[in-house]
Amino acid sequence: MFSSQEERILQRLAGLDPDLMAYIRDFAYDTVYERPGLDLKTKELIACALLASLGSPGELKTHLRGAMQAGATEQELRETLLFCVPYLGFPRVVAAFSQLADLQARQAAKQAQQPE
Amino acid sequence: MFSSQEERILQRLAGLDPDLMAYIRDFAYDTVYERPGLDLKTKELIACALLASLGSPGELKTHLRGAMQAGATEQELRETLLFCVPYLGFPRVVAAFSQLADLQARQAAKQAQQPE
Amino acid sequence: MFSSQEERILQRLAGLDPDLMAYIRDFAYDTVYERPGLDLKTKELIACALLASLGSPGELKTHLRGAMQAGATEQELRETLLFCVPYLGFPRVVAAFSQLADLQARQAAKQAQQPE
Amino acid sequence: MFSSQEERILQRLAGLDPDLMAYIRDFAYDTVYERPGLDLKTKELIACALLASLGSPGELKTHLRGAMQAGATEQELRETLLFCVPYLGFPRVVAAFSQLADLQARQAAKQAQQPE
Amino acid sequence: MFSSQEERILQRLAGLDPDLMAYIRDFAYDTVYERPGLDLKTKELIACALLASLGSPGELKTHLRGAMQAGATEQELRETLLFCVPYLGFPRVVAAFSQLADLQARQAAKQAQQPE
Amino acid sequence: MFSSQEERILQRLAGLDPDLMAYIRDFAYDTVYERPGLDLKTKELIACALLASLGSPGELKTHLRGAMQAGATEQELRETLLFCVPYLGFPRVVAAFSQLADLQARQAAKQAQQPE
């Protein structure tokens, strides 16, 4: 699902701890994430909201990207984060939008580097 | 949107503080909640995940009911809560499922009371 | 400072754990709380905001009462809790107002019992 | 490990959601909990500290009991909770000691009921 | 109220998301912040305590500066943060004092650059 | 106990605020930390779990180092962090392992610099 991104993530996690990586791969991804009943885009939007709540910048960026790959538009991402405001207050949501801005700046920089 | 439920909620909030009620009605419901871009069911599922994260039992029950009224099936509610496990750990999710069980017990009791 | 209330609180804490009580009395109350530089009412309002943030209902009620004893009006308590909304979101603040309602109901019941 | 207590816990969890129960049994208990490298008592004390931090009263009581069954003395439980004070502040720790008091009251009541 | 600082903050927020900026300006600042009943300095000190609790470094720095502009002395800021210790524990408060140190270092650097 | 590390930590804290330093030294270290009843290694492992829960990267690194100095093996540190997964979910634990990786990279760099 995460295609090349997933590969890179699991490699980075294995560098931190092989068992941690295995738990994330086997339990978080292959068991929980693969459950039917919610479409992938909805799952990724929920993940973004949860990570805004936890204040986990790295993982939030990963799932903002994951949500885009699952078909979420930029507007849907923004709506998801704005929807968090009444529940979480502004500071957590401002921090989440900073991650989105960061992600978009990186994506723009990457595209600018690529030859036509 | 929340129809009769909303009325009752706002009345209870007004009993706590009229300005708090007005902020929730005008900002949370009429401004943020009414935004287009995400369908109502997705919004309610995100709300349930956020409230599981915050550990707010009363509001969680309100939004589990709200999600059902927005068309979410029981399975979709369960999937949303199970999806929270890798992000929040088990204690928050067990507490959230207790709210769901409680809500379902109440709904069953209400139906049992009603004459056919 | 908390006069009769403090006595009762420390007794209840000693029932939980004598060392915990001693730490709260010696460090929290006699060392930190007694510092000059902020007036007592401001301290109690800050305590109420922090306890709304932590979601600690029992302690919040104690400090709502403490704030009143330190001279805070009901309006100042309400303003402090409403001020928390943009930082904490609505669920924590609704829970805090429930504690205030509870405290006021108890105080009213006590007054109703007293002979003129 | 939790012997009869575990059986009861898993049954209650299955009543909430069979898949949630299966994840807790297979991932939390059989995979993570069963890892070698830390003795059972140390694990249970860490669990108590984490649940004091999360503010999860039900699970905390379960693990206070679990720690006792793993050989922790009452003093070790109290030391673990007191040790949390500098990290978590007093409100979370007071709430945790309330759970311990509750557990001890129940255990005393049970013993008083049993014939000699 | 925040004068030139507010202008800069709102501009940065508009860069993140125009609607987020509008909500902060219209709801957080113009509606909640402008309420009478608490003086501005007290509000800013409460904001600092809440942001220490949330662990939001950027917003905390903004409101430490805002508190100074509202007339809070350095000592009052320090008292507010020290007062948080019994509620939040040391790690959150140490992080908050790091933001204060950072802010003061920047202000000193700015003053050193200015010609007499 | 923390030997040279403690000296450095207290100096850094005194630079933030002398009273904050004194509270940490007198209350956190000399009063709570020095209590008998739990061995030092267990205390440090509990501290690491609590700091993973709080998401306090700087303090976590300090206590990962402190746990090693108290005799914890690298495996015991890893087990402690993995044990947190069912309670806290993955994002907090991934962040904690990043601190461990960072600490180990620094320690390796230091050793590489030292002449034989």
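Letters are used for the chains, namely A, B, C, D, E and F, taken in the order the chains are written, and counting of residues starts over at 1 for each.
As a convention for this text, contacts are C-beta pairs under 8 Å (C-beta built on N, C-alpha and C of every residue); 3 or more make two chains touch, one makes a residue touch a chain.
Since the model is a prediction, treat every value here as computed from it, not as a measurement.
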*Touching subunit C and also subunit E, the following chains*: A, B, D, F
*When subunit B meets its copy subunit C, do both sides use mostly the same residue numbers (more than half shared) or mostly different ones?*
different
*Which chain is most remote from subunit C in terms of Cα centres?*
A
*State, to the nearest whole Å, the distance from the C-alpha centre of subunit E to the C-alpha centre of subunit F.*
29
_Please tell me the distance, in whole Å, between the geometric centres of subunit A and subunit D computed from their C-alpha atoms._
33
*Please compute the C-alpha centroid of subunit D, do the same for subunit F, then give the distance between them in whole Å.*
24
*Which residues belonging to subunit C are in contact with no fewer than two other chains?*
23-24, 27-28, 32, 51, 54-55, 78, 82, 85-91
_For a test of understanding, state which residues of subunit F touch subunit E in their complex under the given definition._
13, 15-17, 19-20, 23-24, 28, 51, 54-56, 58-59
_Parts of subunit B lying in touch with subunit E, wherever the complex brings them together_ = 23, 27, 31-32
*subunit F - residues contacting subunit A, complex*: 55, 78, 81-82, 85, 89-95, 97-98, 100-101
_subunit D-facing residues of subunit E, complex_ = 85-91
*asked:* Residue numbers of subunit D touching subunit F in their complex, please.
replied: 24, 27-28, 32-33, 35, 37-38, 42-43, 45-47, 49-51, 53-54, 75-76, 78-80, 82-88
